[in-house]
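A, B and C are the chain letters, set down in written order, and residue numbers restart from 1 in every chain.
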Amino acid sequence: METTLIEACAALERHGMQPRLEGDPSRHIIGVATLEDAGESEISFLANPKYEKLLATTRAAAVVVRPDVTARNGLNLIRVDDPYAAITILIIELHGYRKHSPPPRDAGSPNIAASAKIGANAQIHPGVTIAEDVTIGDNAVIYPGCYIGPRCRIGHNVLLYPNVVLYEDTVLGNRVTVHSNTVIGNDGLGYAPVGGKWIKIPQIGTVEIGDDVEIGSNCSIDRATLGCTRIGSGTKFSNLIAIGHGAQIGPDCLFVAQVGIAGSATVGRHVTMAGQVGVVGHIRIGDNATVGAKAGVTNSVPDGETVLGQPAIPIREMRRQIAYMLRLPDLNRQVKEQEKRIAKLEEQLRNCQRST
Amino acid sequence: METTLIEACAALERHGMQPRLEGDPSRHIIGVATLEDAGESEISFLANPKYEKLLATTRAAAVVVRPDVTARNGLNLIRVDDPYAAITILIIELHGYRKHSPPPRDAGSPNIAASAKIGANAQIHPGVTIAEDVTIGDNAVIYPGCYIGPRCRIGHNVLLYPNVVLYEDTVLGNRVTVHSNTVIGNDGLGYAPVGGKWIKIPQIGTVEIGDDVEIGSNCSIDRATLGCTRIGSGTKFSNLIAIGHGAQIGPDCLFVAQVGIAGSATVGRHVTMAGQVGVVGHIRIGDNATVGAKAGVTNSVPDGETVLGQPAIPIREMRRQIAYMLRLPDLNRQVKEQEKRIAKLEEQLRNCQRST
Amino acid sequence: METTLIEACAALERHGMQPRLEGDPSRHIIGVATLEDAGESEISFLANPKYEKLLATTRAAAVVVRPDVTARNGLNLIRVDDPYAAITILIIELHGYRKHSPPPRDAGSPNIAASAKIGANAQIHPGVTIAEDVTIGDNAVIYPGCYIGPRCRIGHNVLLYPNVVLYEDTVLGNRVTVHSNTVIGNDGLGYAPVGGKWIKIPQIGTVEIGDDVEIGSNCSIDRATLGCTRIGSGTKFSNLIAIGHGAQIGPDCLFVAQVGIAGSATVGRHVTMAGQVGVVGHIRIGDNATVGAKAGVTNSVPDGETVLGQPAIPIREMRRQIAYMLRLPDLNRQVKEQEKRIAKLEEQLRNCQRST
């Protein structure tokens, strides 16, 4: 879509922002790009102060910045309180979300069970398997190589990228997106130890994914042994994430790549997990908690807490612990020096006593 | 399957248990559920004492508990020494393992090489590729999107979920289950450094998986450069596990999600690896060893040892190390106080000497 | 291929090596194997001194060793400065790289858009999807289940193993190999927080992979939000690696399994990342740097540095830190003992003062 800076500001205002335009209101823009890459028809943004020096050299048609940023004369600016949110709106306005071409008409029919119910306007690509008694809502886009097991129930406007696998009885809400090669509903590590061998426990539970969830690529979400593994609505996952059987993940969480949550753990609402975090089973991570990258969480975390480290502890304790670690060389030096002073004192006292 | 509590006890006895039933022997049960979810026709269990309070509120038809658990009047109980093993048996009796519907007759034939030999009663779904000179035993179930490379040899009763990939010459034993999107036999990171570039070493080895192995979803098991990567019989893997080229994993091991084992490492029998463990190459993890979550194992581990931490050390040493860490604030305080006392002693002694 | 030891030495000489043969120049060899597995027609090698004792028992036709290794009489040896590089050459000579059988003629045509341009001698297997406006160079081998999204541009001699997914606009250079179930170009974790919800930012950037890159199985490489995620030419990845949106990875790097690189991180040339490393966003890892297994890199790393730990620090500092940790028991003992000596001094001084 093509637009002008003044129209871009109008779009931001429609989303409740109060942009201030400095420069040429009629300047044309056709897209969004980084400060380094932007050409003269593209708008850019500065959210991280670290990159402020790029304002001097960018060729962008305009830059979305915070109110207090200073820039060279002649650079068109749109000032807003939250440049990151503003550029998000402009990307949506100018580029929109991915369009999905319909599957070819003549490419061989997908393998759909007669008992499956598929909503209006669904785009089911070749090489998709839809097993018996599946229900799929309207406007689904299901790319090649996806497998949807028996009795899965899938909401409206769901998007499954190539090679997604849903095991039987998996439930996806409306507007769920799952990226390629992710597996939902596979059996978890459920075995009973009997005489040194592992006897498989039938995994008869399911997985339920709420509305507006997006799951990255190559994730694995175990079905519950009994009951249900749940991912709350609005939660977003990056790639290569492992969710154990029976875990309960709240709504509006954000999980970075390679997070692992053990079975029967409970994660509250709006929890942020940085990359490569691990959480043991049978504990609770409170609402609005933040878990730092690579943390190993072994105890429940209260609401709103930020934890870090292995085992994870509150961030202020971790900082203190690191400070003590860094003081170790000094501490050793001090003790060594005290050793000498004590020895000297002992000698002096011996002399002193001898002399008296 | 429907049954009664007295019949359930009989089933447990057939498996060598000695259940004691307290309550109504003729009570009907049709399934197993958690204490929270169980309805009045479902049996539940209590294995983790943490959940004991749920006995007060559960609507379950009966609960399998340890001999010493107390519960409210009127709640039917089956007392056994190992409730977890008992409920496993009841899940198997009442629900059984997953049933696999046969592939549709009219969905287009899978892509099977003429030279492939496939056993009786095999269910090969559409969209499966079976390359030349593959051998597959009886009763195999191979779901859509699986790729079985040239010369693979697969035992009886093998189960491959959708999109599993076996590179050429991979060997699977009998009763092996592989979950979706797992890759077995891909090339490992085998390169020779020549003048700052990496020259690929042809990976001419293979992978051999023993009987009764179950591999989770999205795992990657490298073929050996030379020789064989081995997974011993009875071993169970969770999801997103990486096994390096030439690793030798013993029988009856249990690996939790996101474990990584470097090439040429050796893991003994009945080893437990918790989540996100990493093991470097060319070391040995002894039989019956346990490696704690997120541990980074850099040295061989003796039989039966439990290790923890990065680098991993025996758990008792780790506990001591953590205790010393936690003592650091006190230690610093103590040294600071000693500093004052030494200074005071020095001053007193100076005065003392001066006065004498 | 069959050859003799003298011909093997000639091959090494053609690659600029100076082999010294001790033993029977006409001895026939037909393959390469480990010292343990080698039969009497196979050549083996010793690169890791740890395995030197196997020279006593190997049945190999000959062994490639360093100049200074001593072995039993009668064992044919080829002495070279770099046995690992030499055996690589011999594996290539004797076994070569994997051969790819052409797809069956009668297995149903793949789903290729009319607008796709595919080079000469391409082998496109059944069950492959090639979307509109894709360009693929000569001699491509694309295995079943691969999905190549709209407008992807793929160089010559590219090899995609089964179930690889390339999202739209992905660019692969010449001689790129991607192993099974890897996903390139999926959306990264790009959301703007608005009122406690996460609003998806359209991910309008792309991914560019340089020449001679090899990517392992089950990896996920995010497309950039804006601009481009880049993997430099000659770089090699193992399995289960996560690359965040907009990351810039230099040429000739080597990444071991389960590495995770956050969005907008920059990695220089010829960087080695050991297994399970994590790198946060917006930092730079210098050329020729080495990052130890499981390290969590939170600050930029200078060229040539080796870092370790969480947070990662230079290896010499880490060693010092560990030494201080290991000294903690002694330090505690010392302080405790000093406590007694100070108390004794204080008492003596009190007595001394009293007596004077």
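As a working rule, a contact is a pair of C-beta atoms (placed from the backbone, for glycine too) under 8 Å apart; a residue touches a chain by one contact, two chains touch by 3 or more.
Because the structure is predicted, anything quoted here is derived from the model rather than measured.
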Using only the C-alpha atoms, find the rotation that maps subunit B onto subunit C and quote its angle between 0 and 180 degrees, to the nearest 5. 120
What's the call on subunit A versus subunit B, same or different interface residues, using the half cut on shared numbers? different
With chain centres taken as the means of their Cα atoms, state the distance from subunit A to subunit B in Å. 25
Shared-contact residues (touching 2 or more other chains) in subunit B: 108, 127, 145, 163, 181, 218, 240, 258, 276, 310, 325, 328, 331, 335, 338, 342, 345, 349, 352, 356
Parts of subunit A lying in touch with subunit C, wherever the complex brings them together: 31-34, 36-37, 48, 50, 84-85, 88, 91-92, 95-98, 101, 104, 107-108, 125-127, 143-145, 161-163, 179-181, 214, 216-218, 234, 236-240, 252, 254, 256-258, 270, 275-276, 293-294, 309-310, 325, 328-329, 331-332, 335, 338-339, 342, 345-346, 349, 352-353, 356
Can you list the subunit A residues touching subunit B in their complex? 108, 111, 113, 127, 129, 131-132, 145, 147, 150, 163, 165, 167-168, 181, 183, 186-189, 191-194, 196-202, 204, 218-220, 222, 225-228, 240, 242, 244, 258, 260, 262, 276, 278, 280, 282, 296, 298, 310, 320-321, 324-325, 327-328, 331, 334-335, 338, 341-342, 345, 348-349, 352, 355-356
